[in-house]
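Look at the two complexes coming up: subunit A is in both, with subunit B in one and subunit C in the other.
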Partner chain A sequence: MNQDAIKELLYKMADDLLILGHRNSEWTGLGPILEEDIAFSSMAQDKIGQSQALFEILHSLGEQEPDIVAFMRNANQFHNSQFVELPNGEYDFSTIRHFLFDHADQLRFEMLSNSLFEPLAKLSRKIKGELKYHVFHANIWVTKLGNGNEESHSRMQNALNECWNFALGIFEESQFERQLIEEKIFEGEVELKKRWLENISGILEKANLKIPNTNTWQAINGGRQGKHTPNLQPLLDEMSEVFKIDASAEW
Partner chain B sequence: MYGNAYIDPNEKSNSITDGEDIQKLNAFESRISNGEKIEPKDWMPKEYRKQLVRMIEQHAHSEIIGALPEGTWITRAPGFRRKLALMAKVQDEVGHAQLLYSAAETLGKSREAMINDLITGKSKYSNVFNYPAYTWADACIIAWLIDAGAIINQVANAKGSYGPYCRALDRICVEESFHLKYGHDNVVTLATGSKIQREMVQAALNRWWPPIMHFFGPSDKISLHTEILMKWKVKMATNDDMRQQFLNMYVPKIWDLGLTVPDSKLMKNNENKWEYTEPDWDEFKRVINGGGPCNAERLAVRRNAEERGRWVRQALLAKDSKYLIPLA
Partner chain C sequence: MIKSLDPRVTRSEIDLNNSIDPLKDLDQWETYEAFHQKKRGEQHIHVGIVHAPNPEMALLFAKDQYGRRGITANIWVVKTAHIFMTEYDDQDIFETTPEKIYREAGGYKVMEKINKYRKETKISK
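Up next, the complex of A and B:
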């Protein structure tokens, strides 16, 4: 199997989860109701744990240890989509991002549970069970707030508009796309995006929210190749502030 | 975690049971002395309800405000293991607030009213959270020693008389005991680590020792008020007894790690009691009344969170919002 292709796939998935998990954890203590503080914290813990598991697979392929990889790289070495690094904004933005990202991630892990790269297939079968609950949570809140009152509806619609092109950036294709598909490691971003659109369309309709007009669609790419918004480096500086005091020490 | 509810020793006490039905009061007191629990719909004296609401509410506020100094370290926790553990710990604290607000609601005050009293400054929370957590080591000391103090307090209160509060505390204590292990493991790692790490943890202990000594509150003046609250099993132990218990359990552990407690008078006397420099109670009162280093910031953060989340809560209340069956 093409190791470079596998590594590229693992890095972008692990980085997405690490960065979004970090963002989700920023809601701790600040949610609109206590129950949502708790929910975002649970999802953050799952995501960080999932990213750690993916970094473990990378480590088994010869990359450095998860802590070193996660805490010692600079922004231009990260492969996450720009979408996940954006600041949390208000609860509308965070909820729409959670909805759009987790639907894609659930499908990604579902597809990968049949991967011929067995370590990833095995992990994916475990993770897709966790993601089921993230997607339930997102669906309930998007539907509830989309239909709540005028303010909540317009906030959610604005957030969806704001998120949309960034969300399309989740599906930025890798240079190894063809190899991944041919070797039956991953069915590819195009297929994932197609299924994602099918899944979210029904929920958004129930939520009374409209997907932006297709002629405005323009994926915000670059994240997968290390191009990021100015939001990522400060996040990483904060994340590694203590670790970098002495990266060789046990913390 | 939690700080001891502060009972003002100067509060008027002669009117505590004024106007209560003597027969009902006697029956209530004999149930408590028989070790029975009082439940939400049972008869209870007005003062009992008032004190419990105040105490449980303060406890709940302490949990959500306490999530702030530790929460700021979630995004900076060094390494996957610490990051995951701290997230889970702070999440537990928010969960405790949720449990406690529910317990207090059984006494007739809504969660919204309690949170409103918190952000307007009308009701208090534990004084320790008005101090800043400057470094990672501060967050570790909080997780170990503040949670240790909280456990002493909560284990005592869990034997109190009000059923819903006791049941919430039983569950909270189980979770807190994991926090204590987490905190201890962190402090051990730093205290046995590099020179920088050892200095960090000693400096954090020096900063947190005065708030820790304040934690259980000033010596209780023996007043009729305190006596009645103890008879009703609202207050379960004196502040000094709890402080002694804390010193007894934790000073040897601190010394074992090669750390120095910043109090040259700290020692056990011939009567097996700890002697220590009397904490600065004027400072304690100044901080409790809003003059601490972080009071304004903590309330501002909480107020801001409430304001930013208002539209979400209003949308949930919308009359015509559809009832949603979970999509499972």
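Up next, the complex of A and C:
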């Protein structure tokens, strides 16, 4: 199997989960109500756990220890989509991002549960329940707020418009796309995006929200190649602040 | 100095004298009672309450409040308003007189029977 192709896939998945997990954890203590604060924080923690599992697989392929990989790289060495590094804004934005990203994430792992790269297939089966719950949670909030009052509806629609082209950047193709498909490791970003659109369309319709007109679609790519917005580096500095005081400390 | 994007850090700049208008009406969500079942077939046990605007969201929150640690097979939620209860003023209806102690569960002498059965079937513990 093509190791470079697998590593590239693992890095982008792990980085998406680590960065979004960290971003979502910034809501801890500030969520709209206590119960939602706990739910959102708990899911953020799940994401960081999932990224750790992916970094462990990378480590078994010869990459450095998960903590080193997570905390010691600079922004231009990260492969996450730009979508996940954007600041939280208000809860409408974070909820829509959670909805758009988690649907893609669940589908990606679902597709990978048949991967011939066994460690990924195994992980996919292990975290299936977590991902299912995250999507439940997102669907319920989006449907509720989309159908709430005029303010909640227009906030959700604006957030969806604002997120859309960034969300399309999740599916930025890698140089290894063909190898991944041929070797039956992953069915590819094009297929993932197709299934994602099918899944979210039904929920958005129920939520009375409209996907932006296709002629305005323009994926914001670059993240997978290490090109990021100015928002990523400050996040990394903050995330690794304690770790960097003594990188060799035992926790 | 890097400008933090974390609201927990930036909120230190919020003007504390800035008054917040009080709400005219309370706009709290309703409460739902949550019941947790450890294993399929076992009883659901009351574990607490959650605030939620509808049953779906109550289930979501109950899952995270009460189902994320340990084993869970199933969760129920019931609107608190839908619970009927006895009055605490009527608590005396539960009292029994001392001579009716045989009615209490402690009054059953079953250990003898259990031990006899164990002896017969040679189950040590």
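Note that the second predicted complex is superposed on the first by the 250 of 251 C-alpha atoms of A that agree within 3 Å, B and C clash if a C-alpha of one lies under 4 Å from a C-alpha of the other, contacts with A are read in each partner's own complex, and residues count from 1 in each chain.
To be clear about the criterion, a contact is a pair of C-beta atoms (placed from the backbone, for glycine too) under 8 Å apart; a residue touches a chain by one contact, two chains touch by 3 or more.
Since the structure is predicted, the reported quantities are computational estimates derived from the model, not experimental observations.
When the two complexes are overlaid, the chain among subunit B and subunit C that reaches more residues of subunit A is B. By the touch criterion defined above, A:249 reaches subunit B but does not reach subunit C.
When the two structures are aligned on the shared chain, A:33 is found in touch with subunit B and with subunit C. In the superposed pair of complexes, A:88 makes contact with subunit C only, with no contact to subunit B.
Of the two partner chains placed by the overlay, only subunit B lies in contact with A:44; subunit C stays clear of it. In the superposition on chain A, contact is made by A:140 with both subunit B and subunit C.
By the touch criterion stated above, A:234 is placed in contact with subunit C alone, subunit B being left untouched.
When the shared chain is aligned, no partner comes close enough to touch A:118: not subunit B, not subunit C. In the superposition on chain A, the residues of subunit A touched by subunit B in one structure and by subunit C in the other are 26, 29-30, 33-36, 38, 42, 136, 140, 144, 235, 238.
On the subunit A side of its complex with subunit B, the touching residues are 22, 25-26, 28-38, 41-42, 44-45, 48-49, 52, 66-67, 70-71, 90-91, 136, 139-140, 143-145, 147-149, 151-152, 155, 235, 238-239, 241-243, 245-246, 249-251. Residues of subunit C touching subunit A in their complex: 2-8, 29, 50-54, 56-57, 60-61, 63-65, 68. Residue ranges of subunit A in contact with subunit C, taken from their complex: 26, 29-30, 33-36, 38-39, 42, 87-88, 133, 136-137, 140-141, 144, 231, 234-235, 237-238. Subunit B makes touch with subunit A in their complex at residues 64, 67-68, 71, 74-80, 82-84, 87-88, 90-91, 94-95, 97-98, 101, 136, 189, 193-194, 196-197, 301, 305, 308-316, 318, 321-322, 324, 326-328.
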